[in-house]
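What follows is a set of structures to go through.
Here chain A shows up in two complexes: once beside chain B, once beside chain C.
Entry: the complex of A and B
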């Protein structure tokens, strides 16, 4: 029997048993009611000028909500929102991956001190975003905040960290990196524990510097972990909402209005449910493409391995 | 066989999608052309009504419970079930979730722009006939009466907790409250130094206006014209708006104004790094807490501008949701009138700091005692006659958010006219889409 045929049979096997369906039915029912149903419903709503209080007053508008996405005169336009999202996602993926990898390399040894350091970095990740955002609002307070206190130590003027277009997004990125980097660092620490020490040892014997050893020996062995961190980082950043809600409310002047935040704004604050649903469909599509890409990359890497 | 589950999933998805698409056309549609008269109701049958509110903090909660208790003594057959929400945002979400599910509260606190959406969706009771048959209507302050109508000219709400803006000040820094905005600027500049910035405001942001935008709207009234036309259209580039924003920018340039978040004026006043705070009368108890006896807190009515005393009315009204049961509607209407009665408004005002909506409340002992201790309340109450509130249109909040963004931009160094023009264009777009 060929491996392809065996693989097919393996995939078919659960379908041959009625009990299989019975056993997965409760989970599928929950999934259908709370995930699939609402998702399909959102697709439907995106085709309407939806009256959220009285569905009978909703009118079918076809693709009008999607056409509005192309309207550059909107404030903010969809393009602007996507730009803000990509800025945040790019900074989080690149900055987050590099920082967490660097921290993981620094803390890879399981000494007591390193374990304590790992725990302290990870601790930020398990704190609630709402609570820590409130603390960071005070840190960024233009009059009494710690951030400006540090600037004053170096003789610099105060900044309105969250109120200025030029610093608001950077301030949120700094907060989010502080909150998220502990999680991805732990993934890399786990990855570093699984890679072969022999290759590194051989490289050192051959005279490789620390940097070359990391670049040519360690990093290639962590490729799978890097891809995983990049993909989950991208999806999490696209979905990021709470820190924007708490710290800036999408302002100033939409400088921190990401796609996820605008979705909330349009659907639940300004009650433009149809347009909000269209934004949700776009966000869903982007996340689906990213997830499928990750699956394909992972499969390809597994085959290569 | 391998395609079986996928087919099933697709079929289910298709069914749900079809349901989503056809649901509105399957649902029934109802409408009424003539405003209904209040039903008589049966005063012998026990009835329960629900009142969804967000009077959940400080003195508000016990004060509302006391009103309900007094109502129970007067109307023993009616039970008022209070459904508390922690804040106005949550209140709106909860009202709308229940309404969308077909089970709205009997009555609820609402702002004008919420009521506009609800009336448009056909879920509110028009109160024109109710008001015509009520002896309370003529007793409400003029500004309050206007605040109960939507742009169609009909009455859709009944008053409850209203407030206007006043100025709070540190009496050790500001010996006498300014009476004009010109004086205000002079005093603000004089008291500001390296550690004190006279006034801190939070304009809010594009997602929604905050107190700083409300102050701007009052300033625009004081300097010429309001930020919204009578029909609710945004008018952000009028003389009043331009002069108001120039005034704030000037204060900032003189080191007398700072922007912040989450009631920065109150924070600065309490920490003695601010000298003045402009907020509503409902902030009185919170400002007293912030000051905590460190100095005597002064309170005065809003300063006068070149055009007039501009003031913005805040607070909510009560809306009556559609209900098939006449007894429930009659009971709710009885309670709404009880809430707005002179006696209850006087006690509510004395307990919470909100202003009475009923003019006869000024002669009630509870209110006269309260005014004896806080004389500024009498002047603030008079301003209910002239105060403006956000226009009761669905796009008001989003448009005000554009204004908030313009204020932040200009105060942080942007061009005043450019910021207002941009906000005006964005607001007109919002209005067009909403209309």
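Entry: the complex of A and C
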């Protein structure tokens, strides 16, 4: 036994060979050139007054782009941008998590009808954001839109959904929930499939009903999934861009200019590449902190399991 | 009450008898499903309505039908070109992503080499970088490398996917080791193990990876919008946005264009939806670490 094992170790086994490096090389090269490198480069750009026509003419300005973040007279100021982002992220995370959890509970049984219902909700997530943003622009149309048609049914006055400061963000949130909830619902459906039915049954024998059973038995077993959904939800909402570009263009009056949208606006419309890069670094830092805390939390959860 | 003989099937039926809550649940699920489908159905309805009915309030659901908007919208832009570009780009992206995910997933799951842990950690770290962060630096890089306004810049950055590598690795880890020991005794090298033993078994995760990168590629907008300028190489969603910019008030034509540009994605999804609706995403995405 030992002699064959030793002789086998002597020969170079294919799965221990250096081919491993060759196999991971293409993927690592793509990541290095288009993700890891650029992230470092973004930090570099943020230290320059970058000349987008001729990079060689850029001048080093140190932390000046970051100092501008503290400038409250800018329109919009960084503080305002972060406030708008927080509104959107908060609504998406709370609304999205609650809605998708409720939908997952509703559709948790895998009957034919439930599977079809899940597919219908997920379908919205599959549609291109440009195409369905356009659909919703028409739905939100102040004069002929379906949204006002619904209000009309209930005897309410028409709203200028996307055109007024007070409703623009809510309109985008409703669209984004419609688009994203299917995805997180499916994650929770997967989570619900892994938890044990025994505990719920025992609770039911002990007289726990619906909501109580959900709160004390089901939800604690889903904690890992909830954390995951909250974190990917906040990252996705922080850098969401296309629906803002299509529906409102950051307006009216910067009411929907989130961090992701401002980054585009500053870098590609106003051509303030350096300042845009500084915003990108801020965005990256927030996302990294969120991802790392998710990793931490889920590790701790797994350990106590 | 009927007198009934208790056969096993009857007993099973009584045990599984629909509870009153079950009917309510199913009813509610149907309502929710219809609410989610409503915007899409509404868009199709507008594309088939007469212009007179569209510009009317309150919106008319049971108006006349008008099929003339599809040919008009189709003629307004080079849609065939956009479709061709998107299919070409998405095809390349899917083929490359499958290959790189298969190779890297295999190596990370089954091979032993120094630095494997660090390299895998680096892969996972890439997931933390949102695409928006990369727009500014990659724009500069694309211009420096001469990749601005090419097909390549629309393909290469998406040629590898963390999700794909992760999914493949999770799958290969579960394969029994004897499989590869047997192949080794037959004198197989790494490549034969990968392409003759491992890859044929990996169809289910491959389909998920392919679908994920196909959808991502078909739906992508910001990237090609900023990285290209020529109409001839731009993909379908950028084309749709341009159409909106030019014909923003013709909602019959716009909804027609929305319908025919979105239909392929929906058809593909409907064919493959069984891979999604059971919640595979959550389980295989390895939420529990």
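Operating definition for what follows: the second predicted complex is superposed on the first by the 282 of 305 C-alpha atoms of A that agree within 3 Å, B and C clash if a C-alpha of one lies under 4 Å from a C-alpha of the other, contacts with A are read in each partner's own complex, and residues count from 1 in each chain.
The criterion applied here is as follows: a contact is a pair of C-beta atoms (placed from the backbone, for glycine too) under 8 Å apart; a residue touches a chain by one contact, two chains touch by 3 or more.
Just so it is clear, the model here is predicted, and its values are computed rather than measured.
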item: Partner touching more residues of chain A, whether chain B or chain C; value: C
item: Partner chain in contact with A:36 - chain B first, chain C second, else both or neither; value: both
item: Which superposed partner A:268 touches (first chain B, second chain C, both, neither); value: both
item: Which of chain B and chain C A:164 touches, first, second, both or neither; value: first
item: Touching partner for A:57 - first (chain B), second (chain C), both, neither; value: first
item: Partner chain in contact with A:156 - chain B first, chain C second, else both or neither; value: neither
item: Partner chain in contact with A:47 - chain B first, chain C second, else both or neither; value: first
item: First (chain B), second (chain C), both or neither touched by A:283; value: second
item: Contacts of A:118 with chain B and chain C, given as first, second, both or neither; value: second
item: Touched partner set for A:148, first chain B, second chain C, both or neither; value: second
item: Chain C-contacting residues of chain A that also contact chain B; value: 15-16, 36-37, 41, 45, 52, 55, 143-144, 268
item: Residue ranges of chain A touching chain B (in the complex, touch as defined); value: 8, 11-12, 15-16, 32, 36-37, 40-41, 43-45, 47-48, 51-60, 73-76, 137, 141-144, 160, 162-165, 248-254, 257, 265, 268-272
item: Residue ranges of chain C touching chain A (in the complex, touch as defined); value: 22, 25-26, 28-30, 32-34, 36-37, 39-40, 42-43, 46, 54-59, 99-101, 103-104, 106-108, 110-113, 116, 119, 122-123, 125-141, 144, 156-157, 159-160, 162, 165, 180, 184, 188-191, 193-194, 215, 218-219, 221-222, 226, 237-238, 240-241, 244, 251, 254-255, 258, 261-262, 265-266, 269-270, 273-274, 276-283, 285, 287-289
item: In the complex, chain A residues that touch chain C; value: 13-21, 23-24, 26-28, 30-31, 33-39, 41-42, 45, 50, 52, 55, 103, 106-107, 109-111, 113-124, 126-132, 134-136, 138-139, 143-146, 148-149, 152-153, 178, 182-183, 186-194, 224-225, 228, 235-236, 238-239, 241-242, 245-246, 260, 263-264, 267-268, 273, 276-277, 280-281, 283-284, 287-288, 291-292, 295, 298-299, 301-302
item: Chain B residues touching chain A - in the complex, by the definition given at the top; value: 1-2, 4-5, 9, 12-13, 16-17, 19-21, 23-24, 27-29, 93, 96, 99-100, 117-118, 120-123, 197, 200, 204-208, 258-262, 264, 268, 271, 273, 394, 397-398, 402, 404-405, 408-409, 412, 422, 425-426, 429-430, 433
